[in-house]
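Dropping a structure here in C-alpha coordinates format, bear with me for questions.
Labels A, B and C are assigned to the chains in the order they are written; within every chain, residues are numbered from 1.
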Amino acid sequence: MVHQQQLRFSTDGRGTYNISKQIGEIINKSGVQTGICQIFIQHTSASLILCENADPTVRTDLDAFMKRLVPDGDSLFKHTDEGPDDMSAHVRTILTESSLSIPVHDGRENLGIWQGIYLWEHRTHSFKRNLSVTIVGE
Amino acid sequence: MVHQQQLRFSTDGRGTYNISKQIGEIINKSGVQTGICQIFIQHTSASLILCENADPTVRTDLDAFMKRLVPDGDSLFKHTDEGPDDMSAHVRTILTESSLSIPVHDGRENLGIWQGIYLWEHRTHSFKRNLSVTIVGE
Amino acid sequence: MVHQQQLRFSTDGRGTYNISKQIGEIINKSGVQTGICQIFIQHTSASLILCENADPTVRTDLDAFMKRLVPDGDSLFKHTDEGPDDMSAHVRTILTESSLSIPVHDGRENLGIWQGIYLWEHRTHSFKRNLSVTIVGE
(Lines give C-alpha, C1' and ligand atoms only; values in the text may rest on other atoms or scores of the structure.)
Protein backbone atom coordinates (compact mmCIF):
# COMPACT_ATOMS: atom_id res chain seq x y z
CA MET A 1 0.00 0.00 0.00
CA VAL A 2 1.40 3.39 -1.00
CA HIS A 3 -0.06 6.79 -0.18
CA GLN A 4 1.51 10.00 -1.43
CA GLN A 5 0.60 13.66 -1.26
CA GLN A 6 2.07 17.14 -1.40
CA LEU A 7 2.15 19.67 1.43
CA ARG A 8 2.81 23.38 1.12
CA PHE A 9 3.95 25.71 3.88
CA SER A 10 4.44 29.47 3.93
CA THR A 11 7.37 30.34 6.15
CA ASP A 12 7.80 33.69 7.80
CA GLY A 13 11.60 33.82 7.50
CA ARG A 14 14.33 31.93 9.34
CA GLY A 15 13.17 29.63 12.11
CA THR A 16 11.72 26.24 12.97
CA TYR A 17 8.07 25.36 12.23
CA ASN A 18 6.40 22.37 13.89
CA ILE A 19 4.70 20.28 11.18
CA SER A 20 4.00 17.16 13.32
CA LYS A 21 0.24 17.68 13.24
CA GLN A 22 0.03 17.88 9.43
CA ILE A 23 2.20 14.76 9.05
CA GLY A 24 0.05 12.88 11.59
CA GLU A 25 -3.07 13.75 9.62
CA ILE A 26 -1.62 12.39 6.37
CA ILE A 27 -0.58 9.13 8.06
CA ASN A 28 -4.08 8.80 9.49
CA LYS A 29 -5.65 9.45 6.09
CA SER A 30 -3.36 6.92 4.37
CA GLY A 31 -4.90 3.98 6.20
CA VAL A 32 -1.43 2.41 6.61
CA GLN A 33 -1.15 0.61 9.98
CA THR A 34 2.48 -0.55 9.85
CA GLY A 35 5.18 0.95 7.65
CA ILE A 36 7.42 3.89 6.86
CA CYS A 37 6.53 7.56 6.36
CA GLN A 38 9.00 9.53 4.27
CA ILE A 39 8.89 13.33 4.38
CA PHE A 40 10.88 15.11 1.67
CA ILE A 41 11.51 18.83 1.19
CA GLN A 42 11.97 19.97 -2.41
CA HIS A 43 14.40 22.82 -1.67
CA THR A 44 18.10 23.38 -1.00
CA SER A 45 17.80 26.27 1.47
CA ALA A 46 15.32 24.81 3.97
CA SER A 47 15.48 21.46 5.73
CA LEU A 48 13.81 19.01 8.11
CA ILE A 49 14.76 17.98 11.64
CA LEU A 50 13.45 15.94 14.53
CA CYS A 51 13.88 18.08 17.64
CA GLU A 52 12.86 18.26 21.31
CA ASN A 53 9.30 19.64 21.31
CA ALA A 54 8.78 20.86 24.89
CA ASP A 55 11.15 23.75 25.66
CA PRO A 56 11.36 26.37 22.85
CA THR A 57 14.80 27.38 24.19
CA VAL A 58 16.19 24.23 22.55
CA ARG A 59 15.36 25.71 19.17
CA THR A 60 16.66 29.21 19.95
CA ASP A 61 19.92 27.59 21.18
CA LEU A 62 20.02 25.60 17.95
CA ASP A 63 19.66 28.81 16.00
CA ALA A 64 22.49 30.42 18.03
CA PHE A 65 24.70 27.40 17.36
CA MET A 66 24.08 27.58 13.59
CA LYS A 67 24.73 31.33 13.61
CA ARG A 68 28.21 30.63 15.00
CA LEU A 69 28.95 27.56 12.84
CA VAL A 70 27.57 28.82 9.51
CA PRO A 71 27.29 32.61 9.75
CA ASP A 72 25.54 34.71 7.12
CA GLY A 73 27.88 36.81 5.01
CA ASP A 74 30.91 34.63 5.75
CA SER A 75 33.87 35.93 3.72
CA LEU A 76 34.56 32.30 2.78
CA PHE A 77 31.52 32.22 0.50
CA LYS A 78 31.51 33.36 -3.15
CA HIS A 79 27.92 32.30 -3.94
CA THR A 80 26.09 35.41 -2.71
CA ASP A 81 23.66 36.05 -5.61
CA GLU A 82 20.64 36.20 -3.31
CA GLY A 83 22.32 37.92 -0.37
CA PRO A 84 24.33 37.05 2.77
CA ASP A 85 21.89 34.25 3.79
CA ASP A 86 22.10 32.44 0.43
CA MET A 87 25.13 30.16 0.83
CA SER A 88 24.71 29.80 4.61
CA ALA A 89 21.23 28.41 3.91
CA HIS A 90 22.64 25.79 1.51
CA VAL A 91 25.29 24.69 4.03
CA ARG A 92 22.77 24.50 6.89
CA THR A 93 20.50 22.37 4.70
CA ILE A 94 23.32 19.94 3.97
CA LEU A 95 24.33 19.67 7.65
CA THR A 96 20.73 18.75 8.57
CA GLU A 97 18.17 16.69 6.54
CA SER A 98 16.26 16.99 3.28
CA SER A 99 14.40 13.78 4.03
CA LEU A 100 13.06 12.29 7.27
CA SER A 101 11.93 8.69 7.58
CA ILE A 102 9.56 7.86 10.44
CA PRO A 103 8.05 4.52 11.49
CA VAL A 104 4.28 4.06 11.30
CA HIS A 105 2.86 1.80 14.03
CA ASP A 106 -0.83 1.14 14.80
CA GLY A 107 -1.77 3.73 12.17
CA ARG A 108 0.23 6.51 13.81
CA GLU A 109 3.73 8.06 13.65
CA ASN A 110 5.84 6.15 16.17
CA LEU A 111 7.81 9.08 17.58
CA GLY A 112 9.38 9.36 21.00
CA ILE A 113 7.42 11.48 23.47
CA TRP A 114 9.79 14.47 23.11
CA GLN A 115 10.24 14.29 19.32
CA GLY A 116 8.63 16.88 17.08
CA ILE A 117 8.94 17.18 13.30
CA TYR A 118 10.16 20.61 12.22
CA LEU A 119 10.60 22.41 8.95
CA TRP A 120 13.68 24.63 9.32
CA GLU A 121 13.60 27.71 7.11
CA HIS A 122 17.18 28.90 6.60
CA ARG A 123 16.48 32.00 4.50
CA THR A 124 15.80 35.23 6.36
CA HIS A 125 12.65 36.19 4.44
CA SER A 126 9.35 34.43 3.67
CA PHE A 127 9.13 31.49 1.29
CA LYS A 128 6.65 28.90 0.03
CA ARG A 129 8.05 25.44 0.75
CA ASN A 130 6.87 22.24 -0.94
CA LEU A 131 7.06 18.85 0.74
CA SER A 132 6.27 15.39 -0.61
CA VAL A 133 5.00 12.83 1.91
CA THR A 134 5.04 9.13 0.99
CA ILE A 135 3.75 6.31 3.20
CA VAL A 136 4.59 2.70 2.35
CA GLY A 137 3.23 -0.22 4.38
CA GLU A 138 0.20 -2.33 5.07
CA MET B 1 5.78 -7.52 3.20
CA VAL B 2 6.35 -5.42 6.31
CA HIS B 3 8.09 -6.49 9.50
CA GLN B 4 8.38 -4.17 12.49
CA GLN B 5 9.73 -4.52 15.99
CA GLN B 6 11.10 -2.54 18.91
CA LEU B 7 14.63 -2.77 20.30
CA ARG B 8 15.81 -1.47 23.65
CA PHE B 9 19.39 -0.70 24.64
CA SER B 10 20.87 0.35 27.97
CA THR B 11 23.72 2.75 27.38
CA ASP B 12 26.53 3.28 29.84
CA GLY B 13 26.95 7.01 29.16
CA ARG B 14 28.40 8.90 26.21
CA GLY B 15 29.91 6.77 23.49
CA THR B 16 29.22 4.67 20.41
CA TYR B 17 27.59 1.22 20.66
CA ASN B 18 27.75 -1.26 17.77
CA ILE B 19 24.22 -2.54 17.11
CA SER B 20 24.91 -4.20 13.72
CA LYS B 21 24.40 -7.72 15.10
CA GLN B 22 20.95 -6.98 16.55
CA ILE B 23 19.83 -5.29 13.31
CA GLY B 24 21.11 -8.24 11.26
CA GLU B 25 19.09 -10.64 13.41
CA ILE B 26 15.87 -8.67 12.88
CA ILE B 27 16.41 -8.59 9.11
CA ASN B 28 16.99 -12.34 9.14
CA LYS B 29 13.85 -12.94 11.20
CA SER B 30 11.75 -10.71 8.91
CA GLY B 31 12.10 -13.07 5.97
CA VAL B 32 12.48 -10.09 3.61
CA GLN B 33 14.94 -10.92 0.80
CA THR B 34 15.02 -7.57 -1.06
CA GLY B 35 14.01 -4.22 0.40
CA ILE B 36 14.75 -1.44 2.86
CA CYS B 37 15.48 -1.61 6.58
CA GLN B 38 14.69 1.58 8.50
CA ILE B 39 16.18 2.03 11.98
CA PHE B 40 14.69 4.85 14.03
CA ILE B 41 15.70 6.13 17.47
CA GLN B 42 12.90 7.62 19.57
CA HIS B 43 15.02 10.21 21.40
CA THR B 44 16.46 13.69 20.84
CA SER B 45 19.73 13.25 22.77
CA ALA B 46 21.06 10.05 21.19
CA SER B 47 21.48 9.27 17.51
CA LEU B 48 22.49 6.73 14.87
CA ILE B 49 25.50 6.63 12.56
CA LEU B 50 27.18 4.39 10.05
CA CYS B 51 30.89 4.37 10.89
CA GLU B 52 34.14 2.55 10.14
CA ASN B 53 34.05 -0.67 12.21
CA ALA B 54 37.67 -1.83 12.29
CA ASP B 55 39.83 0.70 14.17
CA PRO B 56 38.26 1.99 17.42
CA THR B 57 40.44 5.11 17.13
CA VAL B 58 38.02 6.36 14.45
CA ARG B 59 35.33 6.61 17.11
CA THR B 60 37.54 8.20 19.75
CA ASP B 61 38.62 10.78 17.13
CA LEU B 62 34.96 11.35 16.32
CA ASP B 63 34.27 11.96 19.99
CA ALA B 64 37.19 14.43 20.16
CA PHE B 65 35.85 16.24 17.10
CA MET B 66 32.37 16.58 18.62
CA LYS B 67 33.87 17.78 21.92
CA ARG B 68 35.48 20.66 20.02
CA LEU B 69 32.51 21.41 17.73
CA VAL B 70 29.68 21.08 20.28
CA PRO B 71 31.23 21.35 23.76
CA ASP B 72 29.28 20.61 26.94
CA GLY B 73 28.51 23.68 29.01
CA ASP B 74 28.91 26.08 26.08
CA SER B 75 28.03 29.59 27.28
CA LEU B 76 25.97 29.93 24.08
CA PHE B 77 23.32 27.54 25.44
CA LYS B 78 20.40 28.59 27.64
CA HIS B 79 18.68 25.16 27.76
CA THR B 80 20.65 23.61 30.65
CA ASP B 81 17.81 22.05 32.70
CA GLU B 82 19.45 18.65 32.80
CA GLY B 83 23.06 19.80 33.05
CA PRO B 84 25.94 20.86 30.77
CA ASP B 85 25.46 17.84 28.43
CA ASP B 86 21.75 18.56 27.79
CA MET B 87 21.81 21.02 24.89
CA SER B 88 25.06 19.68 23.43
CA ALA B 89 23.32 16.29 23.17
CA HIS B 90 20.41 17.82 21.21
CA VAL B 91 22.77 19.57 18.78
CA ARG B 92 24.91 16.45 18.27
CA THR B 93 21.74 14.46 17.53
CA ILE B 94 20.65 16.96 14.89
CA LEU B 95 24.10 17.01 13.22
CA THR B 96 23.99 13.20 12.88
CA GLU B 97 20.96 10.91 12.24
CA SER B 98 17.74 9.90 14.02
CA SER B 99 16.94 7.45 11.25
CA LEU B 100 19.13 5.17 9.14
CA SER B 101 17.92 3.46 6.00
CA ILE B 102 19.83 0.38 4.84
CA PRO B 103 19.32 -1.83 1.79
CA VAL B 104 18.35 -5.48 2.28
CA HIS B 105 19.78 -7.84 -0.35
CA ASP B 106 19.62 -11.68 -0.34
CA GLY B 107 17.99 -11.54 3.08
CA ARG B 108 20.85 -9.57 4.66
CA GLU B 109 21.85 -5.95 5.33
CA ASN B 110 23.83 -4.82 2.28
CA LEU B 111 26.52 -2.81 4.05
CA GLY B 112 30.02 -2.09 2.86
CA ILE B 113 32.71 -4.23 4.45
CA TRP B 114 33.87 -1.40 6.77
CA GLN B 115 30.43 -0.11 7.72
CA GLY B 116 29.04 -0.71 11.20
CA ILE B 117 25.74 0.53 12.61
CA TYR B 118 26.22 2.49 15.84
CA LEU B 119 23.94 3.99 18.44
CA TRP B 120 25.62 7.18 19.67
CA GLU B 121 24.71 8.09 23.23
CA HIS B 122 25.28 11.84 23.67
CA ARG B 123 24.36 12.14 27.37
CA THR B 124 27.14 11.54 29.90
CA HIS B 125 25.20 9.13 32.10
CA SER B 126 23.28 5.88 31.49
CA PHE B 127 19.99 5.79 29.60
CA LYS B 128 17.48 3.32 28.22
CA ARG B 129 17.11 3.95 24.46
CA ASN B 130 14.19 2.72 22.34
CA LEU B 131 14.52 1.98 18.64
CA SER B 132 11.91 1.01 16.10
CA VAL B 133 13.07 -1.19 13.20
CA THR B 134 10.89 -1.51 10.10
CA ILE B 135 11.66 -3.71 7.09
CA VAL B 136 9.71 -3.27 3.86
CA GLY B 137 10.25 -5.50 0.84
CA GLU B 138 9.59 -8.89 -0.64
CA MET C 1 6.96 -3.89 -6.05
CA VAL C 2 10.68 -3.77 -5.27
CA HIS C 3 13.50 -3.01 -7.67
CA GLN C 4 17.13 -3.10 -6.59
CA GLN C 5 20.43 -2.70 -8.36
CA GLN C 6 24.07 -1.77 -7.80
CA LEU C 7 25.84 1.24 -9.26
CA ARG C 8 29.59 1.76 -9.43
CA PHE C 9 31.40 5.07 -9.85
CA SER C 10 35.07 5.87 -10.31
CA THR C 11 35.90 9.12 -8.57
CA ASP C 12 38.80 11.31 -9.51
CA GLY C 13 39.63 12.44 -5.96
CA ARG C 14 37.87 14.83 -3.60
CA GLY C 15 34.84 16.60 -5.02
CA THR C 16 31.15 16.34 -5.82
CA TYR C 17 29.84 14.20 -8.69
CA ASN C 18 26.32 14.66 -10.06
CA ILE C 19 24.64 11.22 -10.22
CA SER C 20 21.06 12.44 -10.81
CA LYS C 21 20.93 11.08 -14.36
CA GLN C 22 21.94 7.53 -13.34
CA ILE C 23 19.41 7.50 -10.50
CA GLY C 24 16.67 8.76 -12.83
CA GLU C 25 17.43 5.94 -15.27
CA ILE C 26 17.12 3.28 -12.57
CA ILE C 27 13.79 4.70 -11.40
CA ASN C 28 12.55 4.69 -14.98
CA LYS C 29 13.67 1.09 -15.47
CA SER C 30 12.03 -0.03 -12.21
CA GLY C 31 8.54 0.64 -13.49
CA VAL C 32 7.53 2.03 -10.08
CA GLN C 33 5.08 4.93 -10.49
CA THR C 34 4.60 5.97 -6.83
CA GLY C 35 6.99 5.18 -4.02
CA ILE C 36 10.39 5.73 -2.43
CA CYS C 37 13.86 5.51 -3.95
CA GLN C 38 16.64 4.79 -1.46
CA ILE C 39 20.25 5.45 -2.52
CA PHE C 40 22.90 3.97 -0.26
CA ILE C 41 26.69 4.32 -0.41
CA GLN C 42 28.67 1.35 0.92
CA HIS C 43 31.64 3.36 2.21
CA THR C 44 32.66 5.41 5.24
CA SER C 45 34.82 8.00 3.48
CA ALA C 46 32.43 9.17 0.75
CA SER C 47 28.84 10.33 1.12
CA LEU C 48 25.68 11.53 -0.60
CA ILE C 49 24.04 14.96 -0.62
CA LEU C 50 21.21 16.83 -2.25
CA CYS C 51 22.61 20.17 -3.38
CA GLU C 52 21.80 23.19 -5.54
CA ASN C 53 22.50 22.11 -9.12
CA ALA C 54 22.77 25.40 -11.05
CA ASP C 55 25.77 27.41 -9.84
CA PRO C 56 28.95 25.32 -9.36
CA THR C 57 30.20 27.96 -6.89
CA VAL C 58 27.79 26.46 -4.32
CA ARG C 59 29.85 23.29 -4.34
CA THR C 60 33.22 25.03 -4.25
CA ASP C 61 31.96 27.07 -1.28
CA LEU C 62 30.81 23.85 0.35
CA ASP C 63 34.27 22.42 -0.12
CA ALA C 64 35.82 25.55 1.43
CA PHE C 65 33.45 25.29 4.39
CA MET C 66 34.37 21.64 5.00
CA LYS C 67 38.08 22.46 4.69
CA ARG C 68 37.68 24.90 7.58
CA LEU C 69 35.35 22.72 9.70
CA VAL C 70 37.08 19.34 9.21
CA PRO C 71 40.62 20.04 7.97
CA ASP C 72 42.95 17.30 6.72
CA GLY C 73 45.83 16.54 9.05
CA ASP C 74 44.08 17.99 12.10
CA SER C 75 46.30 17.41 15.15
CA LEU C 76 43.14 16.24 16.96
CA PHE C 77 43.08 13.03 14.93
CA LYS C 78 45.00 9.85 15.83
CA HIS C 79 43.55 7.65 13.04
CA THR C 80 45.97 8.59 10.25
CA ASP C 81 46.80 5.14 8.79
CA GLU C 82 45.93 6.18 5.27
CA GLY C 83 47.19 9.75 5.42
CA PRO C 84 45.97 13.22 6.46
CA ASP C 85 42.66 12.86 4.58
CA ASP C 86 41.71 9.55 6.28
CA MET C 87 39.95 10.69 9.46
CA SER C 88 38.68 13.95 7.96
CA ALA C 89 36.91 11.83 5.32
CA HIS C 90 35.18 9.74 8.02
CA VAL C 91 33.98 12.85 9.87
CA ARG C 92 32.74 14.54 6.68
CA THR C 93 30.81 11.38 5.82
CA ILE C 94 29.11 11.34 9.23
CA LEU C 95 28.19 15.05 9.01
CA THR C 96 26.48 14.44 5.65
CA GLU C 97 24.54 11.32 4.46
CA SER C 98 25.26 7.67 3.69
CA SER C 99 21.68 7.19 2.51
CA LEU C 100 19.29 9.44 0.60
CA SER C 101 15.59 8.76 0.32
CA ILE C 102 13.73 10.40 -2.56
CA PRO C 103 10.04 10.29 -3.49
CA VAL C 104 9.00 8.69 -6.78
CA HIS C 105 5.96 10.31 -8.42
CA ASP C 106 4.54 9.56 -11.89
CA GLY C 107 7.45 7.21 -12.50
CA ARG C 108 10.09 9.89 -11.87
CA GLU C 109 12.20 11.25 -8.98
CA ASN C 110 10.16 14.04 -7.42
CA LEU C 111 12.97 16.51 -6.77
CA GLY C 112 12.74 20.26 -6.50
CA ILE C 113 13.85 22.15 -9.60
CA TRP C 114 17.20 23.13 -8.01
CA GLN C 115 17.98 19.80 -6.35
CA GLY C 116 20.70 17.56 -7.72
CA ILE C 117 21.90 14.23 -6.28
CA TYR C 118 25.66 14.24 -5.64
CA LEU C 119 28.19 11.66 -4.59
CA TRP C 120 30.78 13.47 -2.46
CA GLU C 121 34.22 11.88 -2.55
CA HIS C 122 36.08 12.91 0.62
CA ARG C 123 39.42 11.18 -0.09
CA THR C 124 41.99 13.14 -2.08
CA HIS C 125 42.81 10.37 -4.57
CA SER C 126 40.72 8.19 -6.92
CA PHE C 127 38.39 5.47 -5.65
CA LYS C 128 35.79 3.01 -6.89
CA ARG C 129 32.53 3.65 -5.01
CA ASN C 130 29.66 1.17 -4.78
CA LEU C 131 26.05 2.26 -4.34
CA SER C 132 22.92 0.22 -3.82
CA VAL C 133 19.67 1.69 -5.17
CA THR C 134 16.33 0.28 -3.95
CA ILE C 135 12.92 1.40 -5.18
CA VAL C 136 9.79 0.37 -3.28
CA GLY C 137 6.29 1.27 -4.45
CA GLU C 138 3.60 0.46 -6.95
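The rule is simple: a contact is a pair of C-beta atoms (placed from the backbone, for glycine too) under 8 Å apart; a residue touches a chain by one contact, two chains touch by 3 or more.
Everything quoted here is computed from the prediction, not taken from an experiment.
Seen as a C-alpha superposition, chain A sits on chain B after a turn of 120°, to the nearest 5. At the interface between chain B and chain C, two copies of one sequence, fewer than half of the residue numbers in use appear on both sides, so the contact is built from largely different positions.
Taking the mean of the C-alpha atoms as each chain's centre, chain B and chain C sit 20 Å apart. Chain contacts: chain B has residues 36, 69, 95, 101, 136 touching two or more partner chains.
Those residues of chain A that touch chain B in the shared complex are 34-36, 49-52, 55, 57-58, 60-62, 64-65, 68-69, 95-96, 100-105, 110-115, 136-138.
Across the interface of their complex, chain A is touched by residues 2, 4, 36, 38, 40-45, 69-70, 76-79, 81, 87, 90-91, 93-95, 98-99, 101, 130, 132, 134, 136 of chain B.
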